[in-house]
């Protein structure tokens, strides 16, 4: 039984970590600017394809793992500055629709460039194989992904809680008007915040490509569960997104073992239950937009 | 009856007459066939207009960002399809059952949505909408799963009389349904209930401090919206004789919101104009190019950036300066200034004194 | 002694670690004009919000005609007979003055939920009621103007008329003079007087201007840093040593 359940649980947790990653990026952007970024998944996919192209042009995987998210940040920030900034002052429905339009365009563009079906993108040999954990064999790639995601989350937490800029960012998320009255350059905050979201999406995109299969719709497939994770964890709570992500990943993996047909619906059931008990999510506080 | 109302009636009648004569043939051609359009595209246009009106009731009138109305639309289509496929229902029964199924969906999801406002409301509609997508997707023995389900279009009629609907007569039936829905919608937004919804959009707190339970109003608005979307979905299912998970998807919801914004939120005619542009535009673009999704996406982006009041709203504004409906498009900045208790402008004071 | 209408017993409210209101009790008798006064940051508005159901107090009780309404939703309190205004007028900016009042009259007539238009007779009744309300605050000439276009003072009057449209027994006014010029202050003071004299309503209002309070109120509670400083009639308050010190200090500070 253990040999059957344990790998599923581990896989579920890794999937959950991906959800958490996307959810944190969405949460950061949504809480600071009121933008529900429906193009988040498109940027994630973009990072995957960029890494794929870099590797197929002879770049090493390790270099692509760093470069592709950076390029995604550049593209993302350019889109934010050019298209989304003019909408910050308007009703949030407009940025929602704009990013929706962008996701439609992106999906089709990816299809044009990289083809409608998935492309093979595999990690280097060293991450092949598996590592023995005593009671089970565990694939090295998954372990590597888990380590990278965990490290990135620690780095993000350090940035937000241990640097002056991070402190300002968190303050701005609490109260945008106050921080702009204090003289902080709010546009710079918006930009860095969006870039953070893009970096998280980019890293997740490259790592997910090796695991979930790289296709034009890969990012969008992660987007909806990420919204659910953000709702379960409580919007605006970094910790909530992580807990929510792992919880959803776990629920999915366990459900897949026993009732495979319900493995997507389970997260919505989880969401409904959480909302019944805590309308603002597990770790949600009264937010700006509540 | 004032002038504006009169103009409204004339415009409404003119529009319906125009829609009625479009498919009529003069000699061997009609306006429609000259444009290389099929009559069923007009049916689709009307049904998408009803679906967009259902979003308009929430977003344009009540101020609630619903990004999940495709769920009700799809539930309508599946409700009609399943009842026809498994229970041999006729046309009218199928349409009614589809509407009721969507209404039930609203009843289940509504209490969850009611608790939040603003972008959190949008997020919840987005998330809860997907539940039905996955149910349809996964219950493949029953619903055909990803491939969707085909079903025949039953005869239309009552006990004692019935007829088969071909594309032409189907369209005229849709025109009738559309006219009824339009009049119903018009009556709703002008009723005391509809006025209260518009008040909620502007200031829900004040509505509560006038002794009204705003949640009750919002819940009913959600149900009406769900039923409208469900009716549109059921009839759309009957039009294409097909139901598929994509009809329930958030991207479909996005299309409805966009149709409404294209024409202008908070106005009766906005969704109709938006639907005309969207459905016919999409049909034309998709015959010209495989990559039509890029152009639709670009249309959204341009419309959001360049015509925040919608095409109809922008057009009418440039003619009459006064907005047709409630402009959710307006920047929130002036509101903020007003809320922070900005001193009354001396111009406003002077103008009042002049009048008194 | 007149019947007790609204009563607060040891009401407290804190935000995080900050105690905004600390165990404040007041008793408002039917037919009185009651003022809560204090310098900025004294917790007046917080106390007021706890009374009117804007949020729930963390401790204490609120009673209306002896009924415990501490946790009652705000809209139900309005139905009981308590209506209120806000420091910055809470109105429907895009609607006309007439339409603003219509929402309230519909609520009072219990027809807000109807899907059909009111009958001709009913419509006449509603219009007459709106005209009466507008006549009371002297806004008839602005009836068809969107409220957003009105001056701050007229917006406040419109809001007062809206709070009257639901047929209240007690009207709660949150800093009714805030942000107004001298002439407009006089206008509002006259209206508050009329609420009591002409409409027989009980009035509770929050204010930081001692002159206004002494001129209008028959009972006063002075708050300072969330706690009760003094309570009594205008003459008791104006002769109170503690209040004088608090206010003198405040005024000296204001001048600096």
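Each chain carries a letter (A, B and C) given by its place in the written order, and its residues are counted from 1.
The criterion applied here is as follows: a residue touches a chain if its C-beta (ideal position, glycine included) is under 8 Å from a C-beta of that chain, and two chains touch if they have at least 3 such contacts.
Worth saying up front: this structure is predicted, and the values here are computed from it rather than measured.
*Asks:* Need the central chain here, defined by C-alpha centroid distance to the all-chain C-alpha centroid.
*Replies:* So the chain nearest the centre of the shown protein is B.
*Asks:* Quick one: point me to the chain whose Cα centre is farthest from that of chain C.
*Replies:* Measuring from the centre of chain C, the most distant chain centre belongs to A.
*Asks:* From the C-alpha centre of chain B to that of chain C, how far is it in Å?
*Replies:* Between these chains, centre-to-centre, one finds 41 Å.
*Asks:* Give, as an integer number of Å, the spacing between the C-alpha centres of chain C and chain A.
*Replies:* Here the centre of chain C sits 48 Å away from the centre of chain A.
*Asks:* List the centre-to-centre spacing of chain A and chain B in whole Å, with centres computed as mean CA coordinates.
*Replies:* Averaging C-alpha atoms per chain gives centres 32 Å apart.
*Asks:* Which positions in chain C touch two or more other chains at once?
*Replies:* If we look for residues of chain C contacting two or more partner chains, we find none.
*Asks:* Touching residues of chain A toward chain B in the complex: what are they?
*Replies:* These residues of chain A touch chain B: 30, 34, 36, 38, 83, 86-87, 89-94, 96-98, 100-109, 111-112, 224, 227-228, 230-231, 235, 261-262, 264-265, 268, 271-272, 275-276, 279, 287, 289-290.
*Asks:* Going by the contact rule set out above, which residues of chain B touch chain C in the complex?
*Replies:* 187-188, 190-193, 195-196, 198-199, 202-203, 205-214, 216-217, 220, 326, 334-335, 338-345, 348-349, 351-352, 355-356
*Asks:* Touching residues of chain B toward chain A in the complex: what are they?
*Replies:* 59, 65, 67, 112, 115-120, 122-124, 126-128, 130-131, 134-135, 137-139, 250-251, 254, 257-258, 261, 291, 293-294, 296-301, 304-305, 308, 328-329, 331-333
*Asks:* Where on chain C does chain B make contact in their complex?
*Replies:* 52, 73-76, 78-79, 83-84, 87-88, 90-95, 99, 102-104, 106-108, 111-118, 141-142, 148-155, 162-163, 165-166, 178-179
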